[in-house]
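Two complexes come next, and they have one chain in common, chain A, joined by chain B in the first and chain C in the second.
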Partner chain A sequence: MQRVPVLRLGDVLLVSIQVDLADELAPWLQEDLADEIVATGARAVLIDISALEVVDSFTGRTLSTIAAVSRVLDAETVVVGMRPAVAITLVELGLTLHGVRTALTVELGLAVLHGGPTASLAAPAADDLRASP
Partner chain B sequence: MDAATTARFGALLRGHHDGLLKDWTARVMGGLHGLSEAELGRQVEELYAALLTAVDEGGTLDVGGPASAELRAVLAELSRQRAQQGFTSTETVTSVYALKEAVTEVLDTNDAQQLRDFVAYSALIDQLGLFTVEVYARAREELISDQAEQLLELSTPVVKLWDGVVAVPLIGTLDSARAQVVMERLLQTLVDTGSPYAIIDITGVPAVDTQVAQHILRTVVAARLMGADCVISGIRPQIAQTIVMLGIEFGDIVTKASLADALLHTLRAGGYEVVRRPPRDA
Partner chain C sequence: MTTPQPVGVAEVQGIAADEDVIRVRQLVRSVAVAAKLSLVDQTKLVTAASELARNTLTHGGGGRVEVETVTDGRRTGIRVSFLDSGPGIANLELALTDGYGTGVGLGLGLSGARRLVDEFEIETKAGRGTRVTAIKWAR
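Up next is the complex of A and B:
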């Protein structure tokens, strides 16, 4: 089975998930990302899920876990490109992707990481997310 | 109706063609208001002709049978028209039942055979009436569902207010179906326009209860999951009181009294500065 490639963009790691995060793939991705953050000293992880049409609770938990692991390694996680249908499903399932920041596109995600204007509106919310375990 | 009775019915319709037609039209006229005599006359004539065709073709007359296809079509058309013109079901069916009364007039009720026939005719006309009511009800239901759909389409626009700011002016009661449409539209627009800010304006929502609040909250949470932030605006004083009394918590979601405030807020958050230029001296 192929692994999900982790690309390095300066001090940001970019992961584009193209296939369903199957059972073995999720822990591999977690391991790869943790290794890569330590190896490169990356400041942030950008996960693009625009190709995912279905996000179940397992995938949601994986994303939350990645965010938690990254935070321990002092890197922020931003999930970008979530589809409307996926967002609606997650809300209906009651999953809120705890501890994960989100952005519409990769570009906006980078802006969020660089403290761009988009990050300021939900400043209290973002603080909450960062503070929560 | 068996073949012999049908044949006698046909003969009766033919024998008293003009008299029955006139009497029928007059009786329909009495029960309906707002239709011209000429139009009614034409409708009844059409119905009469269809009835004759059904009698001639079938041998035996049966409302559900293949020979009555044209009769059914004419009745359905009439019924649909009446439904669209706003007549009640009683007024519509009276147009059919009036034939029964007209037929009574030309029959000799002292004659046992004719009386037996009349019972058969009467049953037939009842069936025609029932068919008419069914079509009428169906037409009304179609009308209602069409209107509901149009209303749904009409009342959920998503507008772009600024580069990166979209707004949904909600108007009318927010039930689950509408909330779903609003959510889908808004999220899709966020993706299409790449807007990181959305304003949900509830000026036009007559009342906010826990369920409506729940719908709005879910929309905001979904938008957040996608990476866009929502501001809720257009909260009238009364609604604000209700929200507090119901104990609805909007958490860290920004709420503003007016759409203008909300736009200003999002502009500032987006890094814009709104400055009023001092008037130029002449």
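Up next is the complex of A and C:
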């Protein structure tokens, strides 16, 4: 069976989904990622879906589950590269991708994970407030 | 409004295994491209077809889809009809509620698919099976 390759980029695991996520492939990806997170101590999972022309509720649920499992294993998940038509369709379908962060590109996704502008906007650092004496 | 009439011959794809859901998506996409649906409309129709194909597989025990180009005299559209000989849908109103689901997915299958298309119709009979018909018109 064709599996989705998981690449390691520092403390980030990068998965680029190039095939339609067939039903039997989704559990494999979930397991492979969970194993890799524990084996490598990765802090984040970046899932590139720029090749996907369709994201239905099954694929959406797979992404949400991966994000939930990763969170339990102390890793964050960012889904990157969603096509505009896919985004419009997902919203109309009623799929919210609960618990999944998104970024437009792999680069921006990495920036989010490494405390780039988006991340600091989302979470104003409490440390800054009590840093100066 | 006139009843949509088929243009040409319907293409049929059996739905008996997971891979067939992908084949349904590919077939619907190619017919939608040929009928010049916009990219967003193609994506909506293909996504709806994917939900319905999975319903046919999971709840109907498999079946088939017929995909055809139709016209109502003014517009061109794509009609997809999913047929199975499964148990039928006992409570149609409930099945069309968001969050309802007995199989995999998010319980968005029927209700979500209905939102993505222009026309949507379900015929079902307990113990006899279900036919779900959806049309997406080119704008």
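One rule holds in what follows: the second predicted complex is superposed on the first by the 119 of 133 C-alpha atoms of A that agree within 3 Å, B and C clash if a C-alpha of one lies under 4 Å from a C-alpha of the other, contacts with A are read in each partner's own complex, and residues count from 1 in each chain.
Assume a contact is a pair of C-beta atoms (placed from the backbone, for glycine too) under 8 Å apart; a residue touches a chain by one contact, two chains touch by 3 or more.
Owing to the predicted nature of the structure, the values given are computational and were not obtained by experimental measurement.
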Based on the shared chain A superposition, would you classify chain B and chain C as clashing or fitting together? fit
Look at A:Gly109 in the shared chain and tell me whether it touches chain B only, chain C only, both, or neither; answer first, second, both or neither. first
By the touch definition at the top of the document, which applies to A:Asp20: first (chain B), second (chain C), both, or neither? second
What is the contact status of A:Ile88 with respect to chain B (first) and chain C (second): first, second, both, or neither? both
Could you say whether A:Val80 touches chain B, chain C, both of them, or neither, answering first, second, both or neither? first
Look at A:Thr65 in the shared chain and tell me whether it touches chain B only, chain C only, both, or neither; answer first, second, both or neither. neither
Quick one: is A:Thr40 in contact with chain B, with chain C, with both, or with neither? Answer first, second, both or neither. neither
Have a look at where A:Asp56 lands relative to chain B and chain C in the superposition and call it first, second, both or neither. second
So which one touches more of the residues on chain A, chain B or chain C? B
For A:Gln30, using the defined touch cut-off, is the partner it touches chain B, chain C, both, or neither? Pick first, second, both or neither. neither
Considering only C-alpha atoms, give the closest distance between chain B and chain C in the superposition, rounded to the nearest Å. 8
Shared chain A footprint, chain B vs chain C, residue numbers 83-84, 86, 88, 92
Which residues of chain A touch chain B in the complex? 78-80, 82-84, 86-88, 90-92, 96-97, 101-105, 108-109, 112, 116-118, 120-122, 124-125, 128
Chain C residues touching chain A - in the complex, by the definition given at the top: 18-19, 21-22, 25, 29, 39-40, 42-44, 46-47, 50-51, 54, 98, 104-106, 108-109, 111-113, 115-116
In the complex, chain A touches chain C at residues 20, 22-24, 53-58, 60-61, 83-86, 88-89, 92-95
Residues of chain B defined as touching chain A within the complex: 183-184, 187-188, 190-191, 194-197, 218, 221-229, 252, 254, 265-266, 269-271
